[in-house]
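One chain, chain A, appears in both complexes that follow, with chain B as partner in the first and chain C in the second.
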Partner chain A sequence: MANQSGNVYGLTILSPILQDTKAETSHNCAIRIKLAGLPRGESSPFAKVSSTHMARLVVMDDVVYVGMPSCEEHLKSQYLVFETNFDGDLETYLARMAREIPAEVDAVWQHCWGYPGVSEVSAFVAYMKKCQVPTTFYFADVNNKTVEQTLRALQAQAAVAEFIERNQGRTTTELQKSFADFVQKLHNTPPPVPGRPGKGGPPRIATKMRWATRSYSNGEVPTPNE
Partner chain B sequence: MSKLDATDIQGFVLRGYALQFARYMFLEIADPVRGQHFIGRLLNQITTGERWDAGKPDWTLNIAFTHRGLVNLNLPDASLLSFPVEFLQGMKARSAILNDTGKNGPDHWDRVWREGRVDLWLAVNSKTKETLDARCTDLQELMSQTGGATVIGSQDAGALCIDGHWTSKEHFGYTDGFGNPDFLGVERDTQPGQGKLTADGTWVPLATGELLLGYADEAGELPVAPIPHLLANNGTFMVYRKLHQNVSTFRRFLEDKGKLYAGGKEKLASKFIGRWRDGTPVEISPDSPNQEIVKDKQRNVNFTFANDLDGARCPIGAHVRRTNPRDAFGFNGRLVNRRRITRRGLPYGPYVPEGQSVQDDGEHGIIFMALNASLFRQFEFVQQQWVEYGNDARLGNDKDLLLGNHGAQDRYTIQGTEDPRNPPFMCGGLPNFVELRGGDYFFLPSMTALRLIAAGTVDSR
Partner chain C sequence: MKWWKTWIVRLFFLVLGAIKPLQRDLVQLSFIHFARWVIVKRNAFPHPAQEQPVEELKYDYLLFFSNFNGTWNQYIDAFSAVLSRGLNFIWRWSEKFPGSVPVTPFKQYIARCQFDTDYYYTAYPYATTNDVKAAHRVQAALEALEKQSVGMSPEEFASAYLRFLVTVQCDLGETGRAPVGT
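On to the complex of A and B.
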């Protein structure tokens, strides 16, 4: 089934955005403003809906015409695209959204056609299912483990590496003793918080540009490229 | 495709010269017109890719430009703006992307790179020190005569002489310089393991456009290149990085960890890189070095990782596996073919034999130079994702042991087996073995393009 990959559900929603030429801020702009202000990481609303592996919200304006030989086509409306990969079944997940992050859902979807609000959970679930299109691609880093299993596994991986490093070369008896302690300690450690970045990670992408200075006339001291 | 026009391509692009001495001079253009004149006078001395039927020449000369250099040689704005953005910005502005931060950050670079006034890279390679000095004196004279440029920095490099023999070793004792890729149309003795892997397990050359501008690349597209096409074609981009090596730190680390590792010090050294220090690939010979394999061109780069996905022979994070994962990511290596770079590095500073006292702040390092059609897609990707990060290899935040810009939490994992001589092993508390001392991105044009630049006739219309 296209929407299910093992235990992970891939949801794709296309919600048509309201068009109101009289609005002071158009609905698509209002959505963009709201989305730009949503917190990320562990304060993200989707960290609260803790079965979420990844979620993405995008405003789709239209299909892009790239010139001949393709033909020019347009969408009937602008759409809010919502993509998420999560654990468990669809209705439970949508109900969690309605119950656990109602303010955020309202703030975004109130700009979409036919949005019934979240106060009646079944109506919200039915609305979202109506906007659903099949998912065929999944977030590449998601495997068949739940969010909590994944976080636990990463925690265990780091802890085991640290354990081996601290204990390598010890006698069997010492090793067994410290391993038993280690397993107990690991077992009692709370799971990592969803959305909280671990140490390290890839280098951040810089966007600030620096340009070479233009040439200078004879005798002048050139300006360093700073 | 047919053979490339080797007379139009700088020799440095098509072959490693394997000459013992080198000097890289960094020039600032003094004046656009006199600078063009200076380049014009150099033209007939520049080494092209023509075959050396009469044996190796006594010396070679090659030239490359920073974007600032092209600006200062008065290329038209339309050409200048058409270069890829990473070249336009230069390596210093890309430091965050490359994780060149902290001790590797631009504030710690050599003055010539901190100041950012380098316009031109002139490279002389030679058989003897005397020839090198003589050639550089000639070039200095030509600069004075024409008033076109001044030398604002200079870097000597060369093969390491160990026990009276010229070697291809670097300061940590590893034999270097294996495994440059083959490209279509480049005349070269091809070795299995050097191009790209095909579905039937054989190796074929990579698309020319992964090395040279103006040819189709592995995606069947032309690489992003400046206009006009005569300026771009048969040219390439080069990254130049001066990598200082903390030899004392490395030797102490290897000694200390080697005492804890059941396989012993030399095996541990081999697990860092994926090659024994004599060059033997651990994937082929995991238990001992073997000079027969090193010398056998049919075997010394001819290996894959598909039967070693757990890293029992070659650790998953070993340098050769990180920077050229071959088939380790599946899909017959297709995730790797667009990330290959051609290395032209040389060590600098004198070799200090093992056992002799050595300081970290001694003059020891490697001049890393790599050529690729796209700095962004090839060099920068490898540096950011495969050297400074580990997720593609499922190693989380781990970095390359030797090249990584390490933090206090970084560790290197050696996967192992139940064999007591090949146990799993963790190296924590990683120091920085290598520190970046500067460098930049350069454009290495074709001979045709050099003639246009010299004549001031780059026409962007």
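On to the complex of A and C.
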């Protein structure tokens, strides 16, 4: 099925936006204002729906006219385009949206035609499926790893780099013990928070490497984004 | 796109999906996490409410979504340089597509047809596609070493550890903001 690549599902939804000439703020503007105010990064509502790899929301005002000799035409409704890439099946994901981020979903989709609200999850799922447009061709470069597996792998990558640096020149016995402790500690570390900048990669080793080429008199390691 | 041309594009994607080696250039570019093409038929725009006006369109529309690393210019330049034949085959059926080479009219066309994103989320904001793949390779090598190391003598472990270092040494790069060069 073109909507899926391996374990990853590519969902595309076009929700028609309400028109109300009497409204003080048009519905498309209201959606844009709401989206502009939504938290980003680890505070994003999509970080709560933790199976989301990447997602975007776009207000499509009209179709594009590319000039003569093509015909000029216009949409009768504007559309809210929701594109998301997530692990697992569609119904579970939509139900999670309804249950875990109901306020945000309501705030955005209440401006769309036919939106039933999230209080009845099955009605919300049915509505979203009605607005789904099937994917014609879907490409996912890594399609066999979940979000959590990827975050854990990035965490492990960072930790391994640091471990290697710290354990240079150790005796074989020390190295083996140190490795056993390291692996145990890594297993006990909670998975990184989705959407948090820098925490998925190896920022500590990166800063240490930079540190090695610069002198910091107070011994303080700069943060990765400095 | 004129409605009858969308069937050609569908056929192309069908072949592209079935014959994996045809995706080689796309895979080797290795800066796209997820990409998709979606054909919206002129009479298939979603219509979930009776009161909603019905669209009356002459054209079908091809939507393209891409989640990539780097800047817009880097992305289009690489696309144009590496995938021009494939891109041309996909978009040549669209109205007034200028071709992906030369790149200047190609960029002008994209800029004209593009919708700006109002909200974007990624679970691993500073990891590129290559970072993700490298991290999974490190993770796999680490798990293998952990399994092997059970019951090893310190000398055997040191030898296995050395092999592990050789395996992962190219996959320990830094993540973070990419340098921007335009």
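Here is the rule we go by: the second predicted complex is superposed on the first by the 189 of 226 C-alpha atoms of A that agree within 3 Å, B and C clash if a C-alpha of one lies under 4 Å from a C-alpha of the other, contacts with A are read in each partner's own complex, and residues count from 1 in each chain.
Here is the rule we go by: contacts are C-beta pairs under 8 Å (C-beta built on N, C-alpha and C of every residue); 3 or more make two chains touch, one makes a residue touch a chain.
The structure displayed is predicted, hence computed values, not measured ones.
Looking at the shared chain after the overlay, A:Leu154 reaches both chain B and chain C.
Which of chain B and chain C touches more residues of chain A: that partner is C. In the superposition on chain A, A:Gly169 contacts chain B only, with no contact to chain C.
Looking at chain A, you'll find residues 141, 154, 157, 161, 164, 198, 200-203, 205-206, 209, 224-225 touch chain B in one structure and chain C in the other.
Those residues of chain A that touch chain B in the shared complex are 141, 154, 157-158, 161-162, 164-165, 168-169, 198-206, 208-215, 218, 222, 224-226.
By the touch rule above, chain A contacts chain C in their complex via residues 2, 8, 10, 12-16, 31-32, 35-36, 38, 40-41, 44, 46-47, 50, 52-60, 63-64, 66-67, 70-71, 73, 75-77, 79, 81, 83, 85, 113-115, 127, 130-142, 145, 147, 149-154, 156-157, 160-161, 164, 171-173, 175-176, 179-180, 183, 194-198, 200-203, 205-206, 209, 224-225.
Of all residues in chain C, those touching chain A in their complex are 9-10, 13, 16-17, 23, 26-27, 30, 32-40, 44-49, 51-59, 61, 63, 65, 67, 95-96, 109, 112-113, 115-127, 129, 131-136, 138-139, 142, 145-146, 149, 152, 154-155, 157-158, 161, 165, 168, 171-177. On chain B, the positions that touch chain A within their shared complex are 28-29, 31-32, 66-68, 71-72, 74, 85, 88-90, 92-99, 101, 115-117, 260, 384-385, 388-389, 391, 396-397, 407, 409-411, 413, 423-428.
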